[in-house]
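The two complexes that follow have chain A in common; it is paired with chain B in the first and with chain C in the second.
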Partner chain A sequence: MARRSGSPWKGSDIVFAKEFSDHLRSPRMLVLQWLILLTGIGAVFMSIQGLRTTTASDPFLFLRLFTDARESMPSFLSVLAFLIPLMAIGLGFDSINGEFNRRTMSRILAQPIYRDALLIGKFAGGLATLAIALVSLWLLIIGLGLYRLGVPPSGEEVARGFVFLFVALTYGGVWLSVAMLCSVVCRSPATSAMAALGAWLLLSLLWPLMGRFIAEIVYPANEVALLLGLPNPQQIGLQQTLARLSPATLFGEAVVGILQPATRTFGVVFASQVRGAVAGAPLSFMQSLLLIWPQVTGLVAGMIFVFSASYMSFQRQEVRA
Partner chain B sequence: MTTYILDTMETRTTRILNLAKSAIILAVAALAFPVHAVDAKPNAGLWLTTDFPAMAVRAGETTTIKIKLQNTDLAPQRVMLTVSGVPQGWKATVLGGGVPVAAAMPATNESVALQLRVEVPANAQKGSQRVVLSAKGNDATAELPLDVIIGQSLPARLSIKSKLPSQRGSASTNFEYPITVLNESDKDALVKLAAQAPQGFQTSFTEGFGSQEISSIPIEAGQSKELKVKVQPSSGTAAGDYPLMVSASVEGAQSVTQMSIQITGAPKLRITTEDGRLSGEAEAGKATPLNIIIENTGAAPATAVTLSSSPPGDWKIEIEPNQIPVLAPGQKLPVQAIITPSGKAIAGDYMATLRANSGSESASAEFRLSVTTSTLWGMAGILVIIVALLLSVGAVARFGRR
Partner chain C sequence: MSEVLIEARGLKKRYGTAIAVDGINLQVRRGEIFGLLGPNGAGKTTTILMLLGLTEATEGSITVCGADPMRDPLTVKERVAYLPDMVGFYDNLSARANLRYTGRLAGIADLELEKRITKSLERVRLHDVADNKVATYSRGMRQRLGLAEILMKGAQAAILDEPTNGLDPQSTFELLDMIRTLRDDGMAIMLSSHILDRVQAICDRVALFNKGKIAIEGSVQELAATVLGGGFALQVDSSMEKMAFAALLGSVNGVSSVQAEEPGRFRVLSVRDVRDAVAQAMVNAGAPILRLAGVEHSLDEIYRRYFEGLEGVTHGTA
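Coming up: the complex of A and B.
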C-alpha cells in the first residue's frame, strides 16, 4: 500500500460546501429546524410571561429566559437537551453509509479527494448546519427577550450566553460524531439510526439510573448513614462520576453552571464547606467558567475522541465501486 | 309711704304719679351720696358716675375708666363731654361704643356707658393727677373728678432654680436638668428660654412632665413653672467638665443659672479598612493578607484590646498582632489578618466576622470574602483536549491520505 502525497485536507472545503448546502436544502433539516424552533420559542415565551409578572429584581434576568420553567412547559434548556441530540443524529446517521447505498462513494473518492477530507468535510458541514440552527435560535431568544422584557442584557449576560452557545454546539458535535461513527460502522442507514438513537436514549435516560445501581453495589449504604438518613458520600461521588460519562449530564451541568451564576458546585458539599458562605451570591464570570471547565473540556474531548474513532474505522474500511 | 302722704298734702294739683317717682329718686340720691349734682333741682339733672374715681396707673401705660352718664328727669338732650386738667404729655380720650366721642345723648331716665382712656407717658412723674370730665347739657352740667395715681410698679424679675445643677454621665447619656422658673414681677410674662452648651451638644426644653419641646412659656405673675433642660452631648465628646448656661428672659429682665455636665469618657472601637471596603478576595487553600484598621473613636483609651475572628468552617484567620495593650482615643492601628480559606472551599462569597474586645466595649465587622479556586484543573482539562487532538493527529498520520 503506497503512501499518497499531498495534504490530507485537500478537497475538504468542497465536501464541506456541498454537504452544508445539501443539509440546508434537505426537507429533513427543515423538519428538525421547525421542531426545535417552535418548541424552543414556546418555552422561552412562557418563561417571558412568567418573568413579566414576577417583578423581583435579578441582575441576571436575561439568563432566566433560558432556565425558567413554567407549569406544563419545560424550560428552554430541557427542550434543548432533548432536541439537540435528535437534530445531530438526524444530520449524521446516514452521512457515510448513505453514500455507499447511493453508490456514490467510489465516484467521490475517484475525484482528487482523500477519505480524510470527505469525513472532515461531512463533519464540519453537519456542525455548521447545527451552528446555524443554534445561533439563529439564540438570536431569536435574545431578540424576543429584548422586545418583551424591554431591558438590554448586560455584558456578563452576553458573555455567559456565548459560552452557553458554545457548550450547546459542542454537545451537538458529540452526538454528530456518534451518529457519524454509527454511519461508518453500520452499512444500513436504519441500523445506524437505531444504534445512534439507542446510544442517546441509553446515555440520557437509562445511564443515570444504572449509575445509581452500580454505585449502590460498589458502596453499600452503611448502617450509621442509614440510621441518620444520610446518603453515603462515597456512593454519591461514584454515582456522579458515572453519570458524567454521559454527555447529557455534562451538558446539563455546564449550562446550569454558566446560566445560573449562583451555582457554586455540582459535587457533594459538606456542612463545613457551606458554613459562612453567602447564599445566592453569584460567582464571577471567570469562576463560573472555571466551574464548568471540566464539563466543557469533557464534551470537547469526547467529540474529538469519537470523531477519531470513526476516522480510524472509516480509513480501515474497504471501498469498492 | 310717709313722703307720699306729705307730698300729696302739700301739692294737691300735681299728678300723683310724677311726684311719687321723683320723691323715690330723691330718697335714693340722698342715700347714695352723689359726687356732684350741679343741678338747681335736687331731683333732676345729669350724673356722671364711675366705680373707682381714683386709680393707680403705671407710667407708660394706658388705662381705661368706665363711666356712666345718667339723665334723671330731663328731656333728652345733647350733652357735650370735655376733659380738663390733663397734664402735659398725657392723652385723655372719651370713648363711646368703642370710638372717640365728643357728645352724648342720654334719654330721660336712661344712662349712656362711656369710657375714658388715659394714656400716661413713660416719663410721667410720680404722684396723683386730677383729671376732670365734665358733661354740659342744655339744662344741666355734671363733673367727675378722677384721680390718676402714678405709682412705682414692680420691675420685671425672673429667677431660675435648679434642683440638680451638676450631673455626670457618658457621652451617650441623655442628661435631664429639672429647673423651676419663677416670675417674680407683678405682670404675666411670656418667658423666653435659652441654653448655652458647648459646641455639638444638643439642648432642648420641655415642660416638667411634657414631651413637647418649647422655646418660651407663659408664666403668670408670682407663679412658677417646672421645666426640664435636656442635653445630648455629641458622641465623640472627650471626658471632662462642660458648662451649661440656662437663661430665662422677658423684656427687661433676665435670669441666668450655670450648671455643669461632667462627662466620663468611654472607649469605642471600630474595625475598618484603609478605604472602608469590607471585602476581599482569597484563593482556596492559599494564605491571603487582609489589611484592617482598628480605631478608637471613643473618649477614653481602650486597654487590652483582643482581636478575634469567627471564620467560615475549616478556614484559618490569623490576626497579627492579636493583642493591643493600649489604644488611645482617636488612634488608628493597622493590623494584618492572614486569611487561609479551606483547601476544599467552594468558589463564591463567604462572610467572616472579625471582633475587637476591650473590657465591656466590643466592635465587630463582617468581611465578605470572594473565594476563587485554582486554575490548575483548568489546565488539566486543556491537557485532556490536547491528548484527544494528538490521538486524532496520530490517527491521521497512521491512516491518512488513503
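Coming up: the complex of A and C.
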C-alpha cells in the first residue's frame, strides 16, 4: 500500500488537552485522588510517629517516610503499589470503547487526524493526570515530613525521591496502557474494567504464588540442598525470573532499591557477594540507580509493549459500531 | 454540468467471504443532494465509510473533492464533513465546547473558529442553548448540532448517514429544510435514509441499494418510469369484483395494468392521463365509482414495487 500522507501526530496535542482537562474535572478522578491522598497521608503519618524517636540516628530519615510500616498500617509504598494501578485503570478502562458507546468515535475520526493521534493523545492525557496526582502527593509528603520531623532532606534524598517518582509514574503507565488495551479490545466498559482489574489482581497477588509452584515443578528440590536445609538455587532463580514478569514485582524491587540505600541485591545472596561488605552500609546514589536500572527498563519496556499492542489492535478495528 | 465532488468507480468491500459492497459506481456534483436508499444491511453505511477513508475498500477507486481517501485521508477529511448515524456528542460538555474540540481537530484557527461556531449555531437555531451541556439536548437538537458541525467545518461536501433517524415529524421537517439550505450554498450532499417520502422531497437524485449493488439510479421521475413502467397512476375505489374491474378497465386505451390494493380499492397504471377515459368507461358500464384520484409516484411505492419485483411477486395484471 502507498504511504499515507500527513503526520500521525497532527491533532494529538488537541486530544491530549481535552483528555487532560476531562480527567482533572471528572468526579471519578476526584474519588481516586481522595482515596490515594487519605490512605497515603495516613500511612505517612503513622510512620512519622515512629520516626520522631530516631531522627538523630538515621542518615536517610526522609526516605523512611515512604518505606516504614507501623503496626496496623502498611507502609506508604505498599499503599501506592496497590493504588497506582487502581488509579491508572480507572483513568484508562473506557478511553476507547467509551468513544464508541457515546457514538463520538466516527465523528472524531472524520476530522482530519489519524487514529494514532487519538490513541497517543489519550495515553499522554492519562499519564499527565497520573503525574499530577503523584507529584502533588509526593510534595505533600515531603512537606508533611519537613513539618513533623523538623529535619530538611539531603540532596541525595531528594534525588532518590525523584527517581522514585519516575518509577512510580512508569508503573502507572504500564497499568494505564493495560487498561487502554482492554478498552480497545472490549466494547463494553464494564467488561474492560473487569479485564484490567483481573489482570492486575492476577499479576500482583496470584502470580508470585503461581511462579513459586511452577518453579517447584520445573526444578524439584534436590537432595544435597535438602540435606543442607537450603533451597535449590535454580528453583529460586526461576521463581524470581517468573515473578519479574509482573510489573508489581519490578516496581517493588525498584522502589526498595532506590529508597533503601542499604539494598545491595534482590533475591538470593551468595557468600561471595557479601565478602568485604560493611553490613547495613548504604550504596551511593549512582550504585543504587545501577542496581534498579534493569527493573526500570523492564517497566518502560512493558509500557511500550502493551501500548503497541493496543495501537495495533486499534488500527485494525472497524469504525462502525 | 457542475463539478463532480464525490466519485466512486467499481467500489467493492469484502468482509471475509461476505461481500458488503459489490461494484458500485456513483457521482455526486456540487449543489446536488444525492440519496442512498435501501434496506438495512444493503451496504449504504459501508459505502459511506469507504468514501471517507474510515474503512478500506477492497477494490475500486474513489475520488472525493479531488483526493483519494485511501492515500490521502487527511485532505479528504478536511474537505468533507460527516454526520454519522445517531450522532453522539460529549454529554458533559456544552454544544460550543463540543464544536470547539472538533473544530480544533479540523485545524481551524482559534479566532476564526469562535466566529464560525457562533454563526453555525445561530443558523441551526441552537444559539440560545449553546452553553448548555449536550446531556440536556433532545435527539433533534443533537442532530441539528451535527449539522452545525458541518457548517462550522466549511466543507465542500457533506455525507449524512440516516440524518432523520429517530426524529419526530416536526424535527425531521426542520432538519431536511436545513439540509436543503446547505445544498443551496453549493455543497455536494450525500445522504442515506429509509424514510422515503421525506427523502423524496429533498433529493435531486437517488440510488436504490440492494445487496451491495446500486439497483437503479436517477431522479425520482426517472425511477418511477423504470420501475413502475408508466407515467401515471390512478387510485380507484369501487365495490366491483376484482376480475370484473380488471376486465372493464383493460379495454380502456392507455391502461397498462390494474391491481387490487385491498378489497374495493384498485390501482390503475397507465402511459398517459386516463382519468376521463376510466370514468367514462365505468359510468358506461354502470359501475359504482366511490373515488377516483390521480396518484403522484412516491419513492415509497417505487421502493416497495422494486423489491417486490425482485422477490418474484407477480402483479395482478390483466
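Definition applied: the second predicted complex is superposed on the first by the 312 of 321 C-alpha atoms of A that agree within 3 Å, B and C clash if a C-alpha of one lies under 4 Å from a C-alpha of the other, contacts with A are read in each partner's own complex, and residues count from 1 in each chain.
Basically, contacts are C-beta pairs under 8 Å (C-beta built on N, C-alpha and C of every residue); 3 or more make two chains touch, one makes a residue touch a chain.
The shown structure was predicted, so the numbers you read here are calculated from the model rather than taken from an experiment.
Participant: Given the superposition on chain A, are chain B and chain C in a clash or a fit?
Facilitator: When both complexes are placed onto chain A, chain B and chain C end up side by side without any clash.
Participant: Determine, under the contact definition given at the top, whether A:Lys18 touches first (chain B), second (chain C), both, or neither.
Facilitator: After superposing on A, A:Lys18 lies in contact with chain C but is clear of chain B.
Participant: Between chain B and chain C, whom does A:Gly6 touch in the aligned arrangement: first, second, both, or neither?
Facilitator: The answer is both, since A:Gly6 touches chain B and chain C.
Participant: Once the shared chain is lined up, is A:Tyr114 touching chain B (first), chain C (second), both, or neither of them?
Facilitator: Touch partners of A:Tyr114: chain B and chain C.
Participant: Quick one: classify A:Arg102 as touching chain B (first), chain C (second), both or neither.
Facilitator: It touches chain C, and chain B stays clear.
Participant: With both structures superposed on the shared chain, find the angle between the C-alpha centres of chain B and chain C as seen from the C-alpha centre of chain A, to the nearest 10 degrees.
Facilitator: Vertex chain A, arms to chain B and chain C: 160 degrees.
Participant: Under the stated touch criterion, which partner chain does A:Arg320 make contact with: chain B (first), chain C (second), both, or neither?
Facilitator: A:Arg320: touches chain C, not chain B.
Participant: Tell me which partner touches more residues of chain A in the superposed arrangement, chain B or chain C.
Facilitator: It is B that touches the greater number of chain A residues.
Participant: Touching A:Glu223, do we find chain B (first), chain C (second), both, or neither?
Facilitator: Neither partner.
Participant: Could you grab the smallest C-alpha gap between chain B and chain C in the overlay, to the nearest Å?
Facilitator: In the combined three-chain model, chain B comes within 7 Å of chain C at the C-alpha level.
Participant: Both chain B and chain C contact which residues of chain A?
Facilitator: Common interface on chain A, chain B vs chain C: 4-6, 114.
Participant: Spell out the part of chain A that touches chain B in their complex, as residue ranges.
Facilitator: 3-6, 8, 114-116, 264-265, 269-278, 281, 283-284, 286-287, 290-291, 293-294, 296-298, 300-301, 304-305, 307-308, 311-312, 315-316
Participant: Within the complex, which stretch of chain C touches chain A?
Facilitator: Those in contact with chain A are residues 45-46, 49, 52, 54-55, 70-75, 77-78, 80-84, 86-92, 101-102, 104-107, 146, 149.
Participant: Using the touch rule from the top, collect the residues of chain B that touch chain A in their complex.
Facilitator: 311-315, 342, 344-352, 368, 370, 372-373, 375, 377-378, 381-382, 384-385, 387-389, 391-392, 395-396, 398-402
Participant: Show me the residue ranges of chain A that touch chain C in the complex, using the header's touch definition.
Facilitator: Spelled out, the residues of chain A in touch with chain C are 1-2, 4-6, 10-11, 14-15, 18, 22, 25-26, 102-104, 106-114, 318-320.
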